[in-house]
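To start, the structure under review is shown below, and the notes come after it.
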Amino acid sequence: MERIDGRNNDQKRPAKITRNFTKYAEGSVLVETGETKVICTASIDEKVPPFLKGAGEGWITSEYGMLPRSTQVRRIRESSRGKVDGRTMEIQRLIGRALRSVVDLKSLGEMTIWIDCDVIQADGGTRTASITGAFVALVDAINKASETKQFAKYPITDFVAAISVGIVNGEQLLDLKYEEDSNAQVDMNIVMTDAGEFVEIQGTGEQKPFSKGDMDILLGLGEKGARELIELQKEVLGEDAARIGK
Amino acid sequence: MERIDGRNNDQKRPAKITRNFTKYAEGSVLVETGETKVICTASIDEKVPPFLKGAGEGWITSEYGMLPRSTQVRRIRESSRGKVDGRTMEIQRLIGRALRSVVDLKSLGEMTIWIDCDVIQADGGTRTASITGAFVALVDAINKASETKQFAKYPITDFVAAISVGIVNGEQLLDLKYEEDSNAQVDMNIVMTDAGEFVEIQGTGEQKPFSKGDMDILLGLGEKGARELIELQKEVLGEDAARIGK
Amino acid sequence: MERIDGRNNDQKRPAKITRNFTKYAEGSVLVETGETKVICTASIDEKVPPFLKGAGEGWITSEYGMLPRSTQVRRIRESSRGKVDGRTMEIQRLIGRALRSVVDLKSLGEMTIWIDCDVIQADGGTRTASITGAFVALVDAINKASETKQFAKYPITDFVAAISVGIVNGEQLLDLKYEEDSNAQVDMNIVMTDAGEFVEIQGTGEQKPFSKGDMDILLGLGEKGARELIELQKEVLGEDAARIGK
Amino acid sequence: MERIDGRNNDQKRPAKITRNFTKYAEGSVLVETGETKVICTASIDEKVPPFLKGAGEGWITSEYGMLPRSTQVRRIRESSRGKVDGRTMEIQRLIGRALRSVVDLKSLGEMTIWIDCDVIQADGGTRTASITGAFVALVDAINKASETKQFAKYPITDFVAAISVGIVNGEQLLDLKYEEDSNAQVDMNIVMTDAGEFVEIQGTGEQKPFSKGDMDILLGLGEKGARELIELQKEVLGEDAARIGK
Amino acid sequence: MERIDGRNNDQKRPAKITRNFTKYAEGSVLVETGETKVICTASIDEKVPPFLKGAGEGWITSEYGMLPRSTQVRRIRESSRGKVDGRTMEIQRLIGRALRSVVDLKSLGEMTIWIDCDVIQADGGTRTASITGAFVALVDAINKASETKQFAKYPITDFVAAISVGIVNGEQLLDLKYEEDSNAQVDMNIVMTDAGEFVEIQGTGEQKPFSKGDMDILLGLGEKGARELIELQKEVLGEDAARIGK
Amino acid sequence: MERIDGRNNDQKRPAKITRNFTKYAEGSVLVETGETKVICTASIDEKVPPFLKGAGEGWITSEYGMLPRSTQVRRIRESSRGKVDGRTMEIQRLIGRALRSVVDLKSLGEMTIWIDCDVIQADGGTRTASITGAFVALVDAINKASETKQFAKYPITDFVAAISVGIVNGEQLLDLKYEEDSNAQVDMNIVMTDAGEFVEIQGTGEQKPFSKGDMDILLGLGEKGARELIELQKEVLGEDAARIGK
């Protein structure tokens, strides 16, 4: 069976990361994976959240939003409804954990980095694109902070990228597009480091449970996709990536 | 006294309107005035609000938002705070009134058009840029709707654009940039039609009241700026503008 | 065409301001313009809002409400709905700006004055009546504060009053009553000082745009009405007005 | 020990009920008990709440509010805080129950009567004054409704009024003023009918428990006060009271 | 007429109090009265609310909740609706007052005790069962606090328990079960101390007003029931009750 | 290294499931895994959510809560804060997906089953215990529904249970207790069916990424634990389990 856009099962969509997309944030990136487009910014805040007061450590937190017409049918604005829905909360918690996993918060010292991921256009994989793009914005923000602040040790310890995999019509696919995602029997998001280790695996077989064998194939696909995205991050960051993990 | 970006007092910033900026909305525009950038979409909804049930008329409503890092200092997301602030409400009411003023809601018939203006980057004049851009998105959405729906009469009756004027350091200026706006003694937003009439004038002299003479000069500047923006709208819409006001 | 209550086009409704209407507030006024009745109180609070901490300046802020049955049809209480609507926010921001425009916040020193305008009965022009009445409450509150606090300079710099004007059935009218207001093609609120300058002009031609000529006539009507209201303020304040603008 | 305003222990404050206080509501009353002043309106709504759909019965519901500066220290508006506090809810539930106790909801038929009690000035006893005043507004609203609607049976079955009693410095007092109320060891609200029966008794001895003997004295005082208030209601209603309980 | 569960009119349901029901709270009790089951915990918090800062006094506050399926029909979770309803607020205020009435807050010193009453299964009388059970949890928490903190004087001054009474089908009954409660003409909650005095009496005759004679009978029944519940508290607390009122 | 409670690394805590724990819900279970205790109820609601209107299918939805003192430090009630936090939303979405994965919603027909999981005492693994317990409540509710409703086909297709695994101090452990969970480098929740397939895998290495090898060991441990829990479910359900998967 051919995929809707003609890709091979193990082929991800073309991805593009544009740095310095807007002018105020310390890090600002437009990430595109196929038709999915997300603006990711990283903002430095000198304060830390209450639970870290005086601990000498930093924090990275994330918020995620979708423009009302980033989707096929207009979504009601969460600000109008007066609350953030469960899916949004789940995603922003995921993005925060993913980025914290590659930052040494002690070396970062007392500051909070706010990661904002705002989806301009959604075509599947917005949460994984957010992680992949936000990592680049984070590097830019930390490098900018390093101009005025002396880190004991450079705080970014590894690259991190994310991609979705899933089983659609019985076939294991890499990087699901919206139509694939909404028909998937199994849907899995994989967050990986350049060291080839997993930061997060979230697999759901709501429509159909999956076997250990399926899982192994999906993890293999995810690893391939994540490695390609990390290559893109390295290319885009160029020599600004030099200190990562050193 | 020279303006911060070297413009003449009666010179607006370069403006640019990009149509079809995102793919799902019936109308989708990126409007840029100088460094201010706003995504404006127009979405067709077959329903009407409760107060128009059965009236055979349509409605146009607007929502406005700012990405958290569209500004120099990160703003807390309104969805996180659980409520929309007064400034946002004021702006979305203004945009809605401005666009309704050039649409014959009876000819539009039973539908709601949702206008969403989301500021990607703010450098003064986001509400006026929103109106100017949203008008183009609105034309695109109504033209799209006309493919499947027969309007008794084409519902758009005129062009509408908006621009800010103000008094800074005692001088009357057109199209205030952020630094000018935040130091303005008088701040005025002008919404005009192609027929040269006013749809809305909102002038505030919180720091210093203003005379009838000041007002006349400001209205003159505003008219000049609004005319130039309407020219841009015409150019960008090309032949898609042909039915407006007919 | 005769007006609904037989007034001339340039005639405002009878207005009345009752001082010391309730007993706890530092300033408490009942303002009546025709059948519109608003209780305006000014309350002294020793604290300042966070953005003024340590600045040595004061602040004036306003809240506006309507009793549920101040209107022809009962309005749901904003406290029951859990949020303040856009119109309310717009009005309270307007009242705050209008009063701050005639107070030297540096001379006021560190304090906040809370202006509360609560509509008991609404018959058009509640926001302008609120400004006119609240000014008197503000004077009373500041004079009361001056009994215990030494102002470097008396902080009230001028009188301020407000009135509505509009175009109804093609005629320019002063001080619109509810039935006129709800049929107005153009609706404008004018806030003026005793020096004859404008603090705020908000004109909306949602039903029909308006020309510069219309605008000039409306401003003239507004100036006449505002002057008459300021005369009333002076009369009501008597010698308590003596220090204003000195 | 003399009471703060020189009254005898069994003497209530002077009370006054002004009908037709505002012009839109079907019933509108200003009730004053000493310095406590409450606007009570009764509004007819043709709809019934969901739990009564199709039951052929009516409903009476109540809301209560305080103007921010009805009190010695300004209270934050509940609409600004986004929620109604516990005390307010308790009071509006009490008012609703009190009025429903003297209305035959079946005879009322399908309609909702909204009772709004808004405190203009608070000096103790606002909830009991609300009940006493709201009863008169309710009678006016039902009589007004009876002009266009034929009730099978006149729905008001009895008079109802309320008053507070309490123990202050060991003495049993009728109709507590604010200073008495805030120092009361025991605080009790009594709602009675003209038939001399109790609709509601709420007694609290948070500072000091009370005996059966205290209770009996307090009920006696309350009965005296309630009877006097019902006399006032009868006098104020005049012949409009004729059908009550018939 | 026989009661639904065969009890005499003056007979309460079997009651049971299980201490140390959960392991973290300083006091944790399961209270059962018939089929009504409530978990009551008392938690020590070293802080005091803002209005007591520096006063050297303590505070006791209460919250009440019902599990969604503690009732015959599932209730929507208050957290999902985003607000606490009026009945809940009324109950938690009542529980707080009841417990504070038997604690000398000055002797308690600076601490807050949080009382949480969560209904697992509701069969009438949940608020009174909460008070009866919470008292035991409170004693346990204060005794636990006394292990590390030296109270000038033991702060619990008396026992307190609560029970409902009412008139159903014209008969005065003790301790209403759900079916009785929902058909009661008069419903009364009585909170009493071991000294035989009332802390709170809340009687409502929404369906039918009640006479002084009814009231006296109901108070008598309530006193009987409360005494029995206090006996149960004493038995359950054993020697841990020794210091109460000393 | 010995575990805190002396268990082997691959040993789960003793588990217990008590059916018919409360009396109103169609299914009501107390599940205990070690010191973690959760009340799980399943409630039948004849309505379906709006997105399923007329589709002839059923739905299963879940809500999760913690009693304020189910934890070592008292948590603020979500109803008091007015919103449900991200962790709660994440958990209730997880529970819903897990149970829907073993129910044929078409066979269920038009009804909603509300699953409520309320934690009485938390000692790690509350979300997995909720799934394990809620499954039994769900079976009871569906069996109860089958007494009055004829299912085309018995809608439960398999057993489902859940357990946590993780890496603590470098060792892979089954069924983490609170102290283990809060120190885990890797934390994974596994939801499995009796057929030995995965419904959900959520693994997080926020403190330390994990390898494919770690993952395989953790999945093995999880499978062991889940199988044991499904055995317990079978034992507890006895012959009521007979129709599952048939």
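Labels A, B, C, D, E and F are assigned to the chains in the order they are written; within every chain, residues are numbered from 1.
What we mean here is this: contacts are C-beta pairs under 8 Å (C-beta built on N, C-alpha and C of every residue); 3 or more make two chains touch, one makes a residue touch a chain.
Labels paired with UniProt names: A, B, C, D, E, F = Ribonuclease PH.
Keep in mind it's a predicted model, so treat the numbers as computed, not measured.
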Check: Tell me which of A-F, D-E or C-D has the interface of A-B again, with more than half the contact pairs shared?
Finding: C-D
Next item on the list: Would you mind reporting the rotation angle for the C-alpha fit of chain B (Ribonuclease PH) onto chain F (Ribonuclease PH), rounded to the nearest 5 degrees?
Entry: 120
Check: Does the chain C (Ribonuclease PH) and chain D (Ribonuclease PH) pair touch with the same residues on each side or with different residues, judged by whether over half of the numbers are shared?
Finding: same
Next item on the list: Quick one: point me to the chain whose Cα centre is farthest from that of chain A (Ribonuclease PH).
Entry: D
Note to self: Counting only Cα atoms for the centres, state how far chain A (Ribonuclease PH) is from chain D (Ribonuclease PH) in Å.
What the structure shows: 59
Next item on the list: Let me have the rounded angstrom distance from the C-alpha centre of chain D (Ribonuclease PH) over to the C-alpha centre of chain F (Ribonuclease PH), please.
Entry: 51
Item checked: Distance between chain centroids, defined by C-alpha means - chain B (Ribonuclease PH), chain C (Ribonuclease PH) (Å) -> 28
Next item on the list: Return the residues of chain A (Ribonuclease PH) touching two or more other chains; collapse runs of consecutive numbers into ranges.
Entry: 82-83
Note to self: Touch as defined at the top gives a ring of chains. Read it off for me starting with chain D (Ribonuclease PH), then chain E (Ribonuclease PH), then onward.
What the structure shows: D, E, F, A, B, C
Check: Which positions of chain D (Ribonuclease PH) touch chain C (Ribonuclease PH) when the two form their complex?
Finding: 22-25, 28, 35, 37, 39, 41, 43, 45, 63, 65, 67-72, 74, 77-80, 82-84, 88, 114, 116, 118, 120-121
Notebook entry, point to check: Can you list the residues on chain F (Ribonuclease PH) that touch chain A (Ribonuclease PH) in the complex?
Noted result: 83, 85-87, 89-90, 92-93, 97, 100-101, 158, 192-193, 195-207, 209-212, 215, 219
